[in-house]
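Chains: A, B, C, D and E, in written order; residue numbering restarts at 1 for each.
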Amino acid sequence: MTWLLALILLPLVGAAAVAGLRGNDRLATLTAFGFSLATLLLVVPLWAGYEPAGDRMQQTSSVEWIPQFGIHFAFGIDGIALVMIAVIALLVPLVIGVLGVTDKLPEGRSAGGYLSLLLVQQSLTIGVFAATDVFLFYVLFEVMLIPMYFLIGAYGGPNRQYAAVKFFLYSFLGGLIMLASVIGSYVLAADELGEGTFDWATLVSVVSDAPLGTQVWLFLGFFLAFAVKAPLVPLHTWLPDAAGQAPIGVAVVLVGVLDKVGTFGFLRYCLPMFPAASVELAPLVLTLAVAGVLYGSVLAAGQQDMKRFIAYVSIAHFGFIALGIFAFTTQAQVGSVTYMVNHSLATGMLILVVGMVIARGGSSTISDYGGMAKLTPLLGGMMLLAGLATLALPGTNAFVSEFLVLLGAFESRPVFAVLAVLGMVLAAVYVLWLYQRVMQGPVRGDALVGAGGGPGAVQAPETGARKAIRDTSPRELAVLAPLIVLIIGLGLYPKPVVDVVTPSVEATLSAVQEGDER
Amino acid sequence: MLEAEPAAAATDVWHFAQEAGVTSSVETYLPLVLLLALSTGFALFSVVIAPLVGPKRYNSAKVEPYECGIEASPQPVVGGGRIPVKFYLTGMLFILFDIEMVFLYPYAVAADSIGLFGFVAVTIFIVAITVPYVYEWARGGLEWD
Amino acid sequence: MTPEYYLLLSALLFSIGAVGVLVRRNAIVVFMCIELMLNSVNLSLVTFARIEGTLDGQVMAFFVMVVAAAEVVVGLAIIMSIFRTRRSASIDDTNLLKY
Amino acid sequence: MFGAQVTALSPPSVDYTAILPVLIVLGAAAVGVLLEAFVPRNLRWSVQVTVSLVALAGAGIALGAYVPGAPAQGVTTMVDTLAIDAPALFLWGTLLALAFAALLFIAERTVEPGGAFVSQAALRGAAGGGGSVTTGVPGTAGGRAGAAPADGTRGMQTEVFPLTLFALGGMMTFVAANDLLTMFIALEVLSLPLYLMCGLARRRRLLSQESAVKYFLLGAFASAFFLYGVALLYGYAGSVRLGDIATAAAGSDRSDTLLFAGFGLLVVGLLFKGSVGPFHAWTPDVYQGAPTSVTGFMAACTKVAAFGAMLRVLYVGFEGTSWEWRGVLWAVAIVSMAVGAVLGLTQRDVKRMIAYSSIAHAGFLVIGVMTLSDSGLAATMFYLLAYGFTTLAAFAVVSLVRDADGEATDLSSWAGLAKRSPLIAGVFTFLLFALAGIPLTSGFVGKFVVFSAALGEGLAPLVVLALVFSAVAAFFYLRVVVVMYLTEPAAGGASVTVPGAFTTITIAAGTIVTLLLGIYPGFALEWAGAGGFAF
Amino acid sequence: MNALLAQAPEEMPRGEVLANDPLWLVLLKVVLLFGFGVLMTLFMIVWERKVVARMQHRSGPNRVGPGGWLQSLADGIKLAFAEEIIPANADKKVYFIAPVISTATAFATFSVIPFAPQVEIFGHTTYLQLIDIPVGVLVVLAASAIGVYGIVLGGWASGSPYPLLGSLRSAAQVISYEIAMGLSLVAVILYAQSLSTGDIVDAQVDGWFAFLLLPSFVIFLISIVGETNRAPFDLPEAESELVGGFHTEYSSLKFALFFLAEYVMIVSLSAFTVTLFLGGYMAPWPLSMIGDGMLNEGWWPFLWFVLKCLVIMFLFIWLRGTLPRFRYDQFMRLGWKVLIPVNLAWIVLIAGIRAIRTDAEVTTNQILIFGGAVIAVIVLLSLLIPEKPAPADDDRVPVTGGDYPVPPLDLEVPKKPKRRAVTGSGERRTTPEIGTEGRKEADDNGNV
């Protein structure tokens, strides 16, 4: 029983436990929180036990599942998986923490269901990152949709059904097309080795020798699924709806971790398994990526809804990550991987803060706010910090990654790099503009003033009473604190993450190179 | 049991039929056709001739359906439901046994050559036919009330 | 008289039956068309048996007759039941389901 | 005149232990008819159920006893009319298991008071003059009057049990038939009882009877095609034995017109039974009109039988000429998947929806059949097993959702079902996911094995299309889930009747098998891959 | 049959001999057969009337011709000149074709009857038989079965209730008794090992089947009486119930044709009986001894054949003169519940005996034991069958639908919804859709 398995199973146990306590929301929340904390603690030995210089895969464990097809329950982590697992293990307790204060469930829904689904989601996501059997990966990749579907569909905003179904169908279709490629690679391996297997390493070694034509088709299958997950234009349209309708916590998990499965997939599957095809199709991917950057940042400008706004900004960021991955330089890829982590932290914090704002104003429309910082200076500060982190101000964590990506991209693909920088700047501007619109200036907006606002809305500014809208509660601060710490900390001292990630990235890249030379 | 008959033996039967002069060709039936033609011709002739030789005295009462003088009921068989189900049922039962006969004749002809096995088979067959027969009997299907 | 003519005849009968099934709307008539199809098959079976010089085809014809008879029984029963229920044997009148 | 000359024929050898399961089933059916005749009516139901179940169990035991000692390459018996080989044994097992579950479902009497089948009094009304509305359509008249049927009888027509057994016997023969004549007879033996069973619904008599008429007319039509195909193939090969046809086709000095015309007609008949592709017209109507338990039985077992037979015909009889007809099956598979997936989107009635999904699944199965490889064989049979149990359980669940007027199959009345009975809603959701082919369900494993076999045979484009269509189909499964979970309960919507023990067993069995095959398919795959056809 | 081959090894099979007939001979035979049928009919009608009259101490027809023997001819001619009446709502075509069908098929039955063995006709050696085909027996069955169409169609096309019911009855009874008849043939075929009438006659050289297969013979006799709609089974034309039965609406020659068909059928079926059970044309026992079978040569057999036929025909007349008409249900019960089961049992019995005799060498008493066992089984089986389901059992399938005789067509149904609508107000609250559904129901029934 490796730490990894424990890490996968523990949330499941927690989910089962929580599902029992449907009646009592408070108790359910506490239990879930406990379990998620335990999970987080389990990450410590995992991280400690991982030697960056060691094998490609560590903490491995394997159990036979379907012998006829050489399918195993095989888990194991490399650096990239490790950091992503760490991120989700961190985010889930925070999300649970804001439940009830920032995050209100629609009436008539019990917290028990929500939390158990959340924990199941966590365990599945960890499994997806940890799977070293392609079939197992696919299975988890698809099953992962179900809890998220219910989380959005059952606990989301007014338009949740549409969002949930859209999310599900997009990802399901992508997944099915990936299934074709999965089976295709299996068949290749079966023809090569005599009897088929789904073991990742074996498949990589076999499939990467396949002729270019085959590689391209199989690559496209995987790529499509991942491009849906890590929304690359034009497959992104589900994300704004999903993120916009999902409850804050779910949005955090969705944007923060779930979508990273896509970029993770690029690194873990597309590149090593189909090196030639990746190189061949890199221009296409890069075009999409840059298009995503520009498109996301441009559309972000037009958004009236804060959550949708963040979604579009994230689309831009994902484009940026993809750019880094397909630039095929070590810096760029290390940058991308660290950017995956940092983006999770920064955007996660931004969403949480926005959630807090919405919880106060009772509206997610930007124009309903104005000068909120006067009422809630602390919250304003948080939002500023989160915003700066998102636009990768030097000193925040994202800066390092973004810098690395650009550095790497410039040597290989200057044009794309330049365009991408343009997009990122735009995005940054919009984030600041959001902050400025919501927090700065005189107190205005229906959410805060007059009839349109919630029960605690202030009257006109000249009549004094400003008590109604409270500033961040200690609990909210407690939730945000670890994020702040990490953002600042990793901004100043990114080494731990970089060190963990680099060997895996180099391994991936070398695979690409030698695969490409053949 | 017929399907159990090996093809080889089947051909035997065929060849024997051939050399036994049982030429089941169309010509064999020519006389029958002639006889049919003759009798049909006769019947047709009389059907046609009758209206020509007979007298005609029109009377609306004559052409009404004869119901012993009571006023005629509507045209039968149209609209359905006039024919008691019983008759359909008899028809179905007839089909059942007709099929049984269809199988018993070939058996009877070939009985000696297929011997005991054939007998057992045909007994099973008859029993199989008897089962629905018994069912219908017991459920009153054969009662005319 | 060459057997091919019989084959052609049976094909013709079969087609007539098929067309009848498709165009006629009275359940009984459709049903009779189906019987026509089955019997045309019998004709070709016997013809083939004659061509092959084996009896298998004739034996098959027996079985087909049996099946046809069984179909008659079942079919009549079903059609009759619905007929008694709704006083019409026209398929078009069976309008509760999309045809 | 003939007889005296013919040398005494040697009686054909019959391997009784091999065909014992079929004999048991058919014998039990005959016994059931006699029971109908002689057992007093108040005992009939219990006696019939007991006999049928015991018979099925006995047949299962006989099968289980035979399998271990069975020769690896299978045996052909009764003058090669029956081939009892690995696939036949697997399909027999599948059929028996499915039939057992379906029979329990059919025997259910608590959900619909007195059982889902027309009561004797209703029958009398229907058979009798049909003069007046009430006796003419007692079921409908009863249906209006609320929970209790108007004729007030609790009796149910127990003929349905022998009928089921006859149909099952026909199916078992169908999948083991080694020559086309036997196959045709088996086809009729399995069809005729089904035609009748469709017309036996206690509620909505007209709907049920009309579905019976349609099923009968179209079914007879299709079997006529099948038969003409048989005749032409006989003319081509001089024999209807699949092996002989294959050899004749191998040494091709004859007119291929006969061969391919015959093959085409033959396959049309088979595809019809499997409710595939363009030959699906009957499926939605019949599935909707027939009593739900019968629908479940049909949907599960008939598909198994039809595709089992299709496998045998294509593998044994026409493998050599595959390059000639594969193109046709390509089209058929695509049409079937498209029709099922696309038309399924427009359905408002749950039973019709599942019917269309079965059409789509038929398309996937055709892909499996086309592979003509051992892996394809195993994959298709596994798919049949998985699909059978899933769909049976699904129909069993459908039969539980009722309102004052009997089963409420309209989607609108399912709104917010999860609130009223989370368990049933959960089970149904799981089954729908299985139909959609989401991992950890048998449906996914089935699709996976079939598609991997197909890719192995280079049917990649077909597989991709199939995946796209299954994504489309997922949409309407998902819609039911949405209705059940994410919408508020409609006023006066349906409620879930507490199932009796029988239906509970059916649903439980179906769900457990679906889950089991989804999580640990190894053993089933192994059995399915045990061996090829004998001929 | 083996006996036959033994006695005449070099003899050509009938089939070929007949196939060699020149056309003129065939035509001659055809005409003769036709004439035979007509003559026998004319003769039998008068004979019947005379005999029945004698049985009733009347004198019967004695005016027309010598001893009134031309009576039937006169009747026929009279009918030819009678006015023919065609009912207004008759289905003309069918109405005209029906009698033709009956007549034609009735004559066709003669074709396979062997009237005599080899004879010389104008120096040409042939058999006194039109055709000898391996399925001769089936021809007779087929012809008699098709004959029913004439009756059914005639009754149906008359467009009038009595003929309709008459034709239905006759159809039902003919098919019912056809089964009994066919099954009793099985025994004969089993022993003759052939379906060809000629072989069947030859197979009776050492013993007529009438003695060997007595049960079959009896059943056959009974069923041909039913088959021909003759008293006491003449329910289709039961004057007291159905006026004239299926031919109520027929007049003049078309009526005459039905009449002719019926009598020709009687004649031919008598001939068929003789062929199957009474040794065909072979001389009866004492005569066959004379001059080692010289009476079985040449034209003698024809005489014996006709005599035997007359005996059977007299039996028909006798029955009519003696027995009252059956009630329809009794009649059907006799057919379905007595003749058929007995027949089946009998078939199984003799088939078993024969199979054992040919297959396994066993002694007679073993056969007897076996037969006894079979009989016992059959008896037990028949004991199982309840004579009548208890009336208490309200569960029996009501096949007649309880609507016999038939209710009038125009019975008012759609009142129901109106009544519902009136009372509906009370129920509406409980089940709102009752009223509307009730109305929908009405048109569901095809707007009754």
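FYI, contacts are C-beta pairs under 8 Å (C-beta built on N, C-alpha and C of every residue); 3 or more make two chains touch, one makes a residue touch a chain.
Quick caveat: nothing in here was measured; it's all calculated off a predicted structure.
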Which chains are joined by the largest number of contacting C-beta pairs?
B-E
Give the identifier of the chain nearest to the protein's overall CA centre, each chain being represented by its own CA mean.
D
Centre distance in Å when subunit A and subunit B are each reduced to the mean of their C-alpha atoms:
81
Distance between chain centroids, defined by C-alpha means - subunit A, subunit D (Å):
45
How big is the gap, in whole Å, between where the Cα atoms of subunit A centre and where those of subunit C centre?
65
Which residues does subunit C have that touch at least 2 chains other than itself?
54, 56, 63, 77, 84-88, 96
Sequence positions of subunit A contacting 2 or more other chains:
none
Contacts with two or more other chains occur in subunit E at residues 134, 193-194, 384, 397-399, 401, 403, 444-445, 448
Seen from subunit C, its contact residues with subunit D in the complex are 7, 10, 14, 17-18, 21, 27, 30-31, 34, 37-38, 40-41, 44-45, 47-48, 51-52, 54, 56-57, 60, 63-64, 67, 70-71, 74-75, 77-79, 81-82, 84-87, 91, 94, 96-99
Within the complex, which stretch of subunit B touches subunit D?
3-7, 9, 12-13, 16-17, 20, 22, 81, 85, 109-115, 117-118, 128, 131-132, 134-135, 137-139
Applying the document's contact rule, which stretches of subunit A touch subunit D when the two form their complex?
65-69, 138-140, 142-143, 145-146, 150, 153-154, 160-161, 164-165, 168-169, 172-173, 176-177, 179-180, 183-184, 186-187, 190, 217
Taking the complex as given, what residues does subunit C use to touch subunit B?
1, 53-56, 59, 62-63, 65-66, 69, 72-73, 76-77, 80, 83-84, 87-89
In the complex formed with subunit C, which residues of subunit B make contact?
2-3, 5, 7, 10-11, 13-14, 26, 79-81, 85, 88, 91-92, 95-96, 98-99, 102-103, 106
